[in-house]
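Structure first, then comments.
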Amino acid sequence: MQKKLKFALLGLVLIHLAVLGARFFAPYDPAEQHRDFAFAPPMLLHWVDAQGHLHLRPFVYALVYHSESSAAGPYEDDRSRALPLRFFVESTTTHGNSQSAASGEPQRTNHLRLFGVDSPGEIFLFGTDDYGRDQLSRLLYGGQVSLFAGLFAAVLSLGLGILLGSVSGFYGSWPDAVIMRGAEIFMALPWIYLLFAVRAFLPLHVGAQESFFLLVGVIGLTGWARPSRLVRGVVLSAKHREYVLAARSFGASNFYLLRRHILPETYGVVLTQAALLIPQYVLAEVTFSFLGLGVSEPAPSWGNMLAELQKLYVLESYWWMFAAGLVLVPVFLLYHMVADAVQQAQL
Amino acid sequence: MDRLLEVRDLRVCYRKGTEPPTHVVDNASFDLAAGETLGIIGESGCGKTSLALALLGLLPRGGFVQCGEVRFKGTNLIELHEADLQRVRGAEISFVHQDAGLALNPVLRVGDQIAEVLIAHRRISFRQASGEARKILAQIGFAGHEQIDRAFPHQLSGGQKQRVAIAQAIACGPALVIADEPVTALDALVQVEIITLLKTLQQHFHLALILITHTPAVLVPIAHRIMVMYAGRIVEQGLAPEVLQAPLHPYTQGLLDSGLDLLPQESPAGPLSSIPGEPPNLAALPAGCAFAPRCSDRMEVCQTREPVESHSGKSRIVRCIKYE
Amino acid sequence: MNDQAQTQAESREPLLRVVNLQKRYSRGRGWRRSRLLIEPLRGIDLQVHAGASLALIGASGSGKSTLARCLAGIERPDCGEVWISGRQSGYSENAHASGPIYMIFQDCGLSTNPRFTAAEIVSEPLLISNWGTTRERLHRAIGLMTTLGLQADAANRRAGEFSGGQRRRLALARALVLEPRILILDEALAGLDLSTQAQMANLLLEIQRARALTYLWISHDLTLVARLASDIAVMDQGRIVESAPVREWFAGPRSPQGQSLLQAAGAWRSRPAS
Amino acid sequence: MSYLARRLGHAILVLLGVSILTFALLKLAPGDYFAGMRLNPQISPQTVTALRHAYGLNRSLPVTYLRWLRSALRGDLGYSFAYNTPVWPLLRSRASNTLILSLLAMAGAWLVAIPLGVWAAAHRGASLDRATSAGTTLLLALPDVLIALGLLAFALRTGWFPTGGMASVAAQAMGPAARVRDFVLHLILPAAALAAGVLPILVRHVRSAMLDVLDSPYLLAARGHGIPRARLLFRHALPAAANPLISLFGVSLGTLLSGSLLIEVVMSWPGLGPLLLEAILERDAYVVVAAVLLSAVFLVAGNFVADVLLYAADPRIRAE
């Protein structure tokens, strides 16, 4: 059981690190457009070339535009141009798109990237979208928004839940009544409807950063009801445990009882809730951005990347655009594994 | 006396994960005649309940009978398939559980719960079974309560629930009833009622009864024979008056000394007699006699050699090196 | 001279005096609240002298445990007074005001926090009352544990790893660590095997002698009461209906409740069936 | 009976609370429909003020709320500025579409979940049980959005199902049988996507509720009385496990309504979801309040149904 937990936590840490280090791991800037390569399919890494020679350094074939009507898609591999993968490349990012380079002097920054290919030539391991932006890079950068919005929102609503739940359970009487009636009202709304109701009164069009914090706030503040009810339940039963009564009979203060006896009882529930809430909140961000109520273009988030699929022709032809949804699956699996493991450890 | 139940060399094990199985009952052999009441006593965790559950193949997950036989009316129950065992359970041998409050289904009416047992074993309609259930309830002391079969368990007192559980057990007229701590959870007054009821039923239906308890006093009015268990082994068995009045095994002596007296006039002043220490962990039994570390009559040899059963008198068996 | 007067007063005064103690709860909600009034204590008057050992007996629901909790300061009585060696004590939320009365609970498996180590459990009252340094507290806790027959190496084991009997020793050590004068034992021996029960009973008698403690037993087991108590008080429906020295009571209880209790216990005394 | 009366009173109070909450949120919102109008140079500020006055937007919060509540109780939920029509007729058809979808998905999910959960619990640890649990784990990790998009892509590729909406363009011209067939074809994919979202939760809960009961002393006792296995499962265990499952019924309705909002948008099912989304984007205040409140009515009504079922199923609650 412990092994399963360790594995899941390790996996999650790695995913979060990869996302945080997007500047290093991503081959391109998320906004960098390659207008010649709109909807380029994912490239395959090759070790064996057309002549059957083995290369130790993997390579990709350059893409050439073929024809819109071909069955295999508009692009095909140029077998004569192998682009070997280069590691730890110094890369120049042009802010703004490459087309407009002529019109003005774009800003340039240099930094180290994990891999890339020699110019001229592109590498799109996960394909590109309709502006020719590299999906892999956008996934990594988009994860910064989606994963951490979920994480921060969960911290927010759990913090609120613990606070309100323990006050409610421990002190009882009118604070309990007020808090629990409030929780009931929050829980009487289907969750997404609640989110939308709150989102509805906030400004619609805001910058990427503001919208990130806006989403964290909305998701985090509306989600307090369930954790607080669970915490309240645990506190309420812990309060009447005989060892708490015993400590009370020795003159323990409320603060002492909460700190030493009661709050430690809630750790299990809180951890399980965290492992369940984070993926739920990640999904909430994705949903918001998917519906155009969250982080908006050009800043990437998994939600607005997935929104491309709302166009039927994209949905029909470009399967790699599902990537932003598919990355959620391993993340959710790992979080659910953590939840299961924590829950079983409690028993 | 015809033998109803013969248990021979029964060994019950529990397996947890990959650890080697723990023997919770070892080398258990005993007989029971029809209409006889056998009391089993011992401290908690000495294998009484496991032994009883093993007789009917009801061991929980991880528990299994490693060897031995349980012959009931000549059939070895251990070899029976689940479907055949199911026909024996409730019809021929039935079980009364420790806490009737937990052993009754909270969402079914008590009359229906008794009827369910009847339906399981007889070709009988639900209506007939319900009528039968009412009759049985009246028989076991609910005569004044007309609507008792319509009640749900939570509406009954602890003693009433135990009566319903007993009604379920005797509904199909079994030859043997095994009652596991049937009165432990009850008030003193109710304890008396239930034991009296069991005794009446036992005489009326010529039942064989196995009564498991950790309070020897409960056995005084009802048991014909008594069996004492310690660390998964039967350490002493014999007729009730003999065992109660002249216990042989040091463990039996200790158990009885710490339990039976009541009036201050009769009991000596000063400390109560008790057995020092605690029952051993069954997964790590000491070498030699399992009781040796707590025994007042311990000898050198006790710590190295396991005692074997020795017979004394007609039906007295004791497992102690002192008597070999 | 003042001291002398006080000592004299104390020798006349019982150690524990309870006057007209009442407690009621109301169950149910809103307008139905008043209908479901439960009165576990309807005016308790009680006197216990130093060194005595009073057993409170009665059917379940007679108010024994509520009385114990009120005395130990866990619950607040609705009215009435509790005097301990001539000083009135009362309930207060935070500070321990019931004075030198501590309680041992029904099931010690529940009354010790499974997350705590043995040493933490026993030294907890010292920590709460800010007594000494961590080291001193530990020293005292371990000293007491050894006296009560727990090995010193048990100090770092968690409560869940102890057997039922050992956990009761832990709870006893915890109750004794602040050196109370009165110990309330609420079914403290129930649910144990007879031999363990006898061990614990002996231990308690020994401690009572060594520390000049006063015991308040709450028990439904008359066998134990007969051996351990010096006086008996029978409770029924929130009142004390009878109290007498133990031998006198066993010779013939006067109240009908007492008679039925003794009769129930005596039913086991019939000779074995042949 | 007083239990049910209490639950009903409670449900009504909760709904009132929800209405205050949503209404207050919208009144606190910066900008309303007329704020956008003000930017339009062709409309004079006087006209805007007059309109605001006409719709009662210039009064104090409690007054507006009470006026709205009074008319809401008469079935008048206000006016949609964007559609230029009263809210209720607009909402009514959308709400019934959402209900059709949700209830169908609910029925489908429960019909699969109960036998599957009971069966997995009865064969605990067997390979079939493990396969079920692996399946639910995977399904649980698949976001609703992805399932809906996947199914839609499937429909596009195969052409077996329509790719959105409730009816084909040609539906008006069809005969009744063909129209029903057309409707069912449109319903299948959204309902499947919705059901797939709640199914793993239901299966897991049914299984664990059954396991709890199967391990209980009263089931051991029933086994000890020789009750046959099938009867043990369905007559003894399932009713005893019903209590947590009925509570789950209410909770799952909430999950389902949440899921349906998204799926309706993706699969262009003309339910509450797309309407709410549009209303938010258009700042159509009364529609947002009414749609959110209506979703709460569904959920609270679902929970009340669960309370009634609980009352019917559990004698301990009846006795309370």
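Annotations
Letters A, B, C and D mark the chains in the order given here, with residues in each chain numbered from 1 onward.
Basically, contacts are C-beta pairs under 8 Å (C-beta built on N, C-alpha and C of every residue); 3 or more make two chains touch, one makes a residue touch a chain.
It should be emphasised that the depicted structure is a prediction, and the values quoted were computed from it without experimental measurement.
Interface comparison, A-D versus B-D: the pair with the greater number of contacting C-beta pairs is A-D.
The chain closest to the protein's centre is D, with centres computed as averages of CA atoms. With centres set at the average Cα position, the gap from chain A to chain D is 26 Å. One finds 53 Å separating the Cα centroids of chain B and chain D.
For this pair, chain A with chain C, the centres built from the Cα atoms lie 57 Å apart. Shared interface positions of chain D, defined as residues touching 2 or more other chains, are absent. Counting partner chains per residue, chain B shows two or more touched chains at no residue at all.
Judged by the touch criterion defined above, the protein chains form a single closed ring in which each chain touches exactly two others. Touching pairs of chains, sorted by label, consist of A-C, A-D, B-C, B-D. Those residues of chain D that touch chain B in the complex are listed here as 216-229, 231, 235-236, 239-240, 242-243, 313-316, 319. Residues 14-15, 17-18, 21-22, 25-26, 28-31, 137-138, 140-146, 149-150, 152-153, 156-157, 163, 254-255, 257-259, 261-262, 265-266, 276-277, 279-281, 283, 288, 291-292, 295-296, 298-300, 303 of chain D touch chain A in their complex. The residues of chain B lying in touch with chain D in their complex are 56, 58, 60, 86-91, 94-95, 97-99, 102-109, 116-117, 120-121, 152, 154-155, 165, 168-169. The residues of chain A lying in touch with chain C in their complex are 241-243, 245-254, 256, 261, 264.
The residues of chain C lying in touch with chain B in their complex are 59-60, 163, 165-166, 193-199, 201-202, 205-206, 220, 222-223, 226-227, 246-247, 250-251, 260-261, 264-274.
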